[in-house]
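Same chain, two partners: chain A is paired with chain B first, then with chain C.
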Partner chain A sequence: METSAHPVTPLKEVADIINEAGGEILKLCYQCGTCTAVCPWNRVRDFIVRRIMHRGQLGLIDFEGEDIWLCATCNSCVKRCPRGVEIVDVMRALRRVVTEMGIARIPDSLRLTIKNISATGNPLGEAPDKRADWAKDLDVKPYSEGTEILYFPCCIPEYDTSVRRMARAAVNILKKAGVDFGIPGSRVNCCGESVRKAGDEKVFERLARSNISVFAEMGVKKVVTSSPHCYHTFKNEYPGLGGDFEAIHLSQYLLELIRENRLNFTREINKKVAYHDPCYLGRYNDIYEEPRQVLESIPGLELVELPDCRENSLCCGGGGGRIWMETKSGERFSDMRVEQALAAGADVLAVACPYCMLNFDDSVTTMDKGNFIEIRSISELVSQAI
Partner chain B sequence: MIVARDYVFMCSEPGQEIIGKDIRDLGLNRVVVAACSPIMHESTFRSTCQKAGLNPYLIEIANIREQCSWVTENKQMATEKAKALLNAAVKRVYYHQPLETRKIPFNPNTLIVGGGIAGIRAALEIADSGHKVYLVERSPSIGGHMMQLDKTFPTLDCSACILTPRMTEAGSHPHIELMSYSEVEEVSGYIGNFKIRIRKKARYVNGDRCNGCGLCQEKCPSKVDSDFEAGMGKRKAIYTPFPQAVPNIPVIDADHCTYFLKGSCRLCEEVCEANAIDFGQEDEIIEVEAGSIILATGYGVFDPAPIRQYGYKRLDNVITSLEFERLVNSAGPTGGNIVLKDGSAPRSVAVIHCVGSRDRNYHDYCSRVCCMYALKYAHLIKEKTGAEVYQYYIDMRCFGKGCEEFYERIAGEGVSFIRGKVSEVTDRSLNDEEKGRLVVVAEDTLLGSVIRVPVDMVILCVAMEPQQDAEAVARLFKISRSADGFFLERHPKLDPVATNSEGIFIAGCCQSPKDIPDTVAQSSAAAARILSLISKGAVEIEADIASIDDKLCSGCGVCGSLCPYSATSLDEEKKVYKVNEALCKGCGTCVAACPVSAITGRHFTTEQIMAEIEGLLI
Partner chain C sequence: MTAVRMIVCCKQVPDPEAPPESFRIDPERNRIVLTPGVSAVIDPYAERALEAALRVKDAQGGKITVLSLGTNLLPDVVRKPLSMGADELILLDDEAFAGGDSWSTAYALSMAIKKIGDYDLIFCGRQASDWDAGQVGPGIAEMLGLPLVTTARKITAGNGKATVDKITDDGYEVVEVSLPALITVSNEVGEPRYPTIKGIMGARKKEPVIWKPDDIGAESSRIGAAGCRTKMVKLFQPVHEGKCEIIEGNSPDEAIANLVTKLREARIV
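And then the complex of A and B:
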């Protein structure tokens, strides 16, 4: 953000608009800089979160600049803020001001994604009736009334062939455990989490209301999600809009199945596995143990911890709509994370989120480390061992 | 209704005079004041009436401020409510009856709980006036936290040097009965007449015989981490916490004594020429009576281990402020040498402010002393080691006398001030300079960039917090606590030493974090309040208490079993229950419970309450 050499007058009107868009809590900020110092961006470039808070208080936000689009909503700063400022909500409010009032340009790639989600119900702009194509050969039924569980893979594994493997592995496990489940058909939309973080509250609400009514119509009582983002949204944001169903993340559900002896491990995986805590499972929902316990139940598997783990987990960089935006080489958190996993001597970097998987796959390819480390979802590892 | 008047400051002298004049001139026999809470000015207006010749219980206050205009922004509704409250007061006052207060004798003895600087100061003030003080301290010696501190800001005088003369004075004062290693177990009674049960824990050392030679401590084979040294040094199983202890009588810590654990040793007994060791000693229960009580129970120290990113107990050379006080003290475990765990001197030290304070995740409040002692540390570190000192602060709060000047002085000594809250202390290095050192990460908010500073030692300025057992102590003495857990004063501005329990006062850090001068001032204030009660010689008992109608009472005893103050008892002769007027607080429990409605709450009679309700429901 550029600083002006000229006297600057606070813009109360802009400050009011930010407050109305949901950023009011930033009033409490006392400028200690904790947010800046914990923000992963500052490991690769300057991103003075504290200054954005101060500028927000005065209404002096640079809406044209790139800063307000940087936040990956990893929640590290919120967890630490001594004044309880919901910095992610503030960032969302700033983006809303742009998205809803059109006072500046939304970054191109993000604008396209929002348009796709708005038109087709998925960020890739694919046809809604192809949503279940990923499982065509798996003999899985679409969800129908009376089925116990809706397995919700997230749009990314459904439409992006490169990470489809995490959803297919999940199906294999659920089938072997004899779970009565179905998958989403063409009437289901993206959960809307990322579009909300990108500042488009209206599109989010439309998607959420549509999903809620479709789920209600189909009699969905329990949803198992692959993505922590869908999980977080279903669990914490849908109830406020009338959602009335139980949401559980796949890693939690797998642990339930293991505890009920419904999974029979027959093969060993003799590998060192590092688990990457996704932001929306860990910091947003305090789920740290279940994924680790699932991995530790796999025979032969040795779990190693990364230096930044649990509540201090290093974000992959894919939250808050960043997954749709280009991050320059040298500034990718996922590259640092892969380096950490390699330094920890891991053969496998285990993930529990489709965004993480996309980013880490990318990093391994661009860093040419494919011979040294594999990116595997927890579901793949479990599926391989049963 | 004879007259209604409107005046801006009714509680002022001219305002009161308006009421007095009307009572005299118009022969009023009831008065209603619609103003602020009766807590503020009921006594003012009662005495106004009394001066004008009207019984003080013939007035009623309608609180149209605290519980009406202050709790809403809706003026219209507030006005309607004010009218209803006023109407209720008018209806009620019609049924008021003249009542008389009575005086009961006031016991001039004082109980002081806690033997830190707050308790010592208050004890000396009261004892010097010739009145008896029971000073109860739960550890083996008085002295408290102040004894652990090295120098005191901003004057840098030695804490122990200025404290020990006061400790000795308290220990030998003819009017102070010092009960160390003792705890209050039970409190009953009321202002002027408290009864207190105190457990004097077994020392296993006969205090009358012990001459304090210290040979037992020398010979004792069992070594334990010393609380007094904040875990930085050791003590023996038989010990006085520090050489200047008052009383200078050791205690045997049975949890670590070889004899108590294994059944043999008794080395201390062997070497004691005074034959003072007594393994058969038992806890003693002592009952004392006092007219008033001061709680000076001090503070606890925040444990920073839960702030994992600061590395306390995980990384070497990350220490708390209290640990540093002992490290830098010439009587401490290193003889005052500031050294790292490996014995070498640090080349640079980071001092992190607000650890556990001003942080919603731990304590919201400011601990008030950290900025200043952090500056003191900078001075001591520079003086003793010449190391670089980095102060990580959010805001510098140097408001006390001489404190801003001290800040300026320390700045002049070449200390680096970094405005920013530390996000992490880590041993993960990014370059050779950081290797093997502690790296402190923070945004320098004045630079607007994240900086990493490699240092050898990190001092965490930890919050002062309520004592771990503050809740139990509050319950024992029937006082309240504020949201932060400290004891609640009666009024934050105008009565910061009294509590909501009559006759019980608070002083020092049990009320809120404060420095030594403020603690001493509050202690003297508490003592002054008590001396004024003692010199009055009697306490006035409110007249609004329960009374039992002999003719209706069947002697069933329901009231006696329910009364929280044991204020009703059976009159054996008449076979009816009677109220001890000194004990009754007028809570009304018995009034509601009496199956034959034989009990009346004076000033809260059924017809008064019904009239008030009727007035509210207009």
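And then the complex of A and C:
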């Protein structure tokens, strides 16, 4: 009689470890497979989320394989799961087992990025005292007590020159609207969102507690973020660790400014613009209308909808630490999204997240579509029109 | 085939994968200052030394004792070799070991190895990733009067001798050495194994043995800072300067020609 190469007896100890790491909710899964059906990975390759859930229940997870690092935490599966299983939390728990126990290799680029964030407070491993260099020539003050708003651009626009334009545009808008704001200095760290999703809970907590204490010391009451990831973390995760300040995404704040007549549009943008809903703004925080209303306020601009929009938005592929990992050509969600925007006849694909911007910029370059479509942040479009 | 009694020296170091921006030098004290987010790890070369020992154990059985020296060693870090498959962990952990150099470290480790007594093979990394001196392994061999083979990539042991593939500049040579001997292991041995969940659970049941200087009969004047034979004159970070010159030309061909001329002038091509 043939014997199986793999043990089929449930490994209770392993299942217990997964539960302890925060994956207990997978017990609720009844294996319907909805998660697999809605997961964007299955548009480009097999990724059987249902099977991971089952193997997790049995304690038979392949920790050395690639699967546990694939999830981009887009939350599509969680939104559709009939049993309310927080599948993203389960993926996070599996990664946490690897990170905390050291039982398998963490993908190189992700591992090094987390070490960069842990050691220098930013994913690129740059010097903390260069955090505000992006705004050196913009006459912007560092945040100090008594200032109304802390504008938090996210490490990516701060340190990566290729997407700096979204933060510089935001500064132009805030200045023209007469907003009393300041920017983060060297004591502020990465919000830690990607670190947490990558399974390094300890580093996340250290970053969060440090930011919370620096914000409290500086008297920060209201933070406007460029990134939906920072926004989500500040709004939904920092309060549990003692964070006591209001977080608002830039697209929401821009709409406030428009409604208060603090922005005067003086130029038309006669272009067809498709808006890409970022996962952490849309599915995680139900913010769908504000970015669209901001875009529709711009004179001349024609907003077109993409086929997978709002609750069904197609992830750019950058969440869950995936932004730090290489995704093979032919498997990039961002390529599909750019194709969708081109098919919709859009001249511009508008983004509200630095990760989306990085991914779409890369896709446009590698697909050689730079002559057909532009990737612009909402802030750039607004800044251009005022 | 007889079981091999092995000792592996494992050093706790700052994570060598931490970014350069997390390292600063305090010029007054001639010391490195690390940002708090840099974690401690087992030196990657030492992990490879352990991997070499584990392969000998896999092949013919044996016992592996891991020896770590330091001050305030972190339990979560130094226990890792146990979860990878080592049998026993001895920590030389005491304030008196602080500030040592290669000589005083080799002295303390050699005294501990004398106390362990029965061994066939001692493994060290070819160097440690923090200072890259590569002197502790050879120093222990000298102090214990043992034959030494450096930069090993493969080891088989038995019948009172070990056969070692030793890395050279243009390949490797096969060296036979009588036991007991000390072998320093190079990165060419390959990736060290990851701990298994079973290994981690087994390791939790093992308590490390802690030895103080008196336990190993070490003279206080020969350990830690007191035993240093190296004097740090100056510690500094070299300044990297980059200069960029844009080579112009009226056409791409001319620009290339100008570039090649420049490279030739600089004797690069």
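Just so we're on the same page, the second predicted complex is superposed on the first by the 379 of 386 C-alpha atoms of A that agree within 3 Å, B and C clash if a C-alpha of one lies under 4 Å from a C-alpha of the other, contacts with A are read in each partner's own complex, and residues count from 1 in each chain.
The working rule: a contact is a pair of C-beta atoms (placed from the backbone, for glycine too) under 8 Å apart; a residue touches a chain by one contact, two chains touch by 3 or more.
Everything numeric in this text was worked out from a predicted model, so none of it was measured.
After overlaying the two complexes on the shared chain, residue contacts for A:L295 are found with neither chain B nor chain C.
Of the two partner chains placed by superposition, A:L349 touches none, neither chain B nor chain C. Of the two partner chains placed by superposition, only chain B is touched by A:R83; chain C is not. Of the two partner chains, chain C is the only one that A:G121 touches; chain B does not reach it. In the superposition on chain A, A:I68 makes contact with neither chain B nor chain C.
Look at A:G33: by the touch rule set out above, it reaches chain B but stays clear of chain C.
When both complexes are overlaid on chain A, the residue A:I48 reaches chain B alone and has no touch with chain C. Once chain A of one complex is fitted onto chain A of the other, the partner contacts of A:E13 are limited to chain C, with no touch recorded for chain B. Remark: chain B residues 308-309, 354, 358-361, 394-395, 419-424, 428, 441-445, 448-450 touch chain A in the complex. Looking at the complex, you find that chain A touches chain B at residues 30-34, 36-38, 42, 46, 48, 50-51, 80-84, 307, 312.
Across the complex, chain A meets chain C through its residues 13-14, 17, 64, 101-105, 111-112, 115-121, 125-128, 203, 206.
Only residues 15, 17-22, 35, 37-39, 80, 83, 194-197, 200-201 of chain C touch chain A when the two sit together in their complex.
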